[in-house]
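We just call them A, B, C and D in the order they show up, numbering each chain from 1.
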Amino acid sequence: MNRAAVVNPTSSHAPELLAHSWFNTDRPVLLAGLRGRVVVLVAFQVLCANSVSCGIPQARRIHETFSPEDVTVLGLHATFEHHAAFNPAVLKAFIHEYRLEFPIGIDQPQDASPIPHTMERYKMRGTPSLVLIDSLGYVRKHTFGPVDDLRLGAEIGALVQESAAIARHSAA
Amino acid sequence: MNRAAVVNPTSSHAPELLAHSWFNTDRPVLLAGLRGRVVVLVAFQVLCANSVSCGIPQARRIHETFSPEDVTVLGLHATFEHHAAFNPAVLKAFIHEYRLEFPIGIDQPQDASPIPHTMERYKMRGTPSLVLIDSLGYVRKHTFGPVDDLRLGAEIGALVQESAAIARHSAA
Amino acid sequence: MNRAAVVNPTSSHAPELLAHSWFNTDRPVLLAGLRGRVVVLVAFQVLCANSVSCGIPQARRIHETFSPEDVTVLGLHATFEHHAAFNPAVLKAFIHEYRLEFPIGIDQPQDASPIPHTMERYKMRGTPSLVLIDSLGYVRKHTFGPVDDLRLGAEIGALVQESAAIARHSAA
Amino acid sequence: MNRAAVVNPTSSHAPELLAHSWFNTDRPVLLAGLRGRVVVLVAFQVLCANSVSCGIPQARRIHETFSPEDVTVLGLHATFEHHAAFNPAVLKAFIHEYRLEFPIGIDQPQDASPIPHTMERYKMRGTPSLVLIDSLGYVRKHTFGPVDDLRLGAEIGALVQESAAIARHSAA
């Protein structure tokens, strides 16, 4: 039986996050601490129209739909434009106004480039970008721009199911 | 490790369909012939506003998102209101106008009740109703009214992943 | 001062309606009886996807937004396709399900053509079509397909204002 | 003949604007310089979710729908919350990202209150607020929160029609 998979097969290992000024969490978030969970990483900018109309509302829906034990949503403010306009107080006000409850950090700026560290490591093309990381830390989806809810839901659901099977197998 | 499942556990066996005048298929569809696939059964009526605005567009999105080898979408016209207004030519025109490509049958009417056979077997509360049936023929979700794309996608994705695991296990 | 008008200038006199089986009214509606009011004529078909998703909801919004003394909304079922599937019982069920409260008639069929009488008189290109008729009985807008709410609102508002001015002038 | 008006009757004279750091205009905008035109004043904040999802897109639609000779759209950034997060560079980036082309100024802050000057003069309740000012400088609508396109369009259309009649009368 040759069945098409709902989610892409393993590609590469997800680079670690390098971010500061985290909100909605007591301490900086590292992917290394999230093994065993599916992670949805949403890179955005407060002053990016598609981030505000699509990326952020979808991140919030994912956070509200799944148990955080199964699926952890992380926001990353990848400031690569409008550097003069941005500061952590802008992000703080945004998080308050949009009632975001998942952890959100600011991507670490680089001295020699307008592109911040994590954005460069992931070779993101802009904002919003979404990265789906499985329970073993591998990238299973990486997109730029709007993402369809039904398809994304199916991919997340398949990864949760997969990670539960892995957990059972490890325990056996 | 005690993990919340994305999709509900097995409840009961899905009753067989009893329908006539099928469109988009050479012969009547039976669930018995679809073992090994996830089935999304969408009960609707052409003259039901929520069916037309929510149920049918979502059924079409599911049909377009998944491989039919993985997920088979079935439409069932469950005529329980406006009997005088409905006839197969209405459904035929509707399928043409809304460009529906998945198999659609008309639920078998009963002599002694306005509720047709399959609708009664499933104890559906109205239209649109959605039933999610796993690859072994068990009902895993049964809802009346609008359904969220992200959550439904996750449930379908988990069932596809599960059925692939079952298929691998059977083959081993 | 040379100011662009919000609504198109008078073009031609609106042909009279020729329809039967009216709903939501005690007697057939004639434009001749509606002088002094702005009329919004919406031609649609129950089995036309754009009529159901755009034309009919907009007609209902117009009916709910304006006083019928100012703006009278009329529906016309212009059956030019799927003749075998349509009958007055289908329209009756549709009006019930979509909770339409404005007068709706069925365009009079012609023997020698699939195009019904009123549709032909107006040279409508299909459904949904919208015709905006001023208080003196002249056509001020005639479109096929989706219509923007803001622009249409402005045109209706300008016509109501214009007709009030005409009424005051006549009374003086 | 006693006809309901589409737009509210004249209430009070519109207070003058007091704003700085204007964008999309060579010099500060004063209502006194806009007599003869209908003015739509939209007060908003970049870090207000309803401003971004409703108020600003509607302002842009109005700007795109009407001739600026007829209807002038003005944006006013009424900073009454998140003062620490806001500066003109944030607004500049926002205007660029959302491709706004109508004049936008920053409401003049007050020393003794978090409410800026113009917002206080108009007794606005928050953002987004919309004020509709007729060609003689009177307030005809003043709302807080989302506004329906069809009804707002009708009110603007009626005011444009009214102002054209006034202009003709003045010229006669």
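By our rule, a residue touches a chain if its C-beta (ideal position, glycine included) is under 8 Å from a C-beta of that chain, and two chains touch if they have at least 3 such contacts.
Small disclaimer: the values here were computed from a predicted structure and weren't measured.
The geometric centre of chain B is 50 Å away from that of chain D, both derived from CA atoms. Centre to centre, using the average C-alpha position, chain A and chain B are separated by 33 Å. Residues of chain C found to touch two or more other chains are absent. Taken as a graph of touching chains, this assembly is arranged as a ring, one closed cycle with exactly two partners per chain. Applying the touch definition to every pair of chains gives A-B, A-D, B-C, C-D. On chain B, the positions that touch chain C within their shared complex are 46-49, 52-53, 81-82, 84-87, 89-90, 92-94, 96-98.
Interface residues of chain D, counted against chain C in their complex, comprise 1, 3-7, 36, 58, 61-62, 65-67, 69-70, 148-158, 160-165, 167-168, 171.
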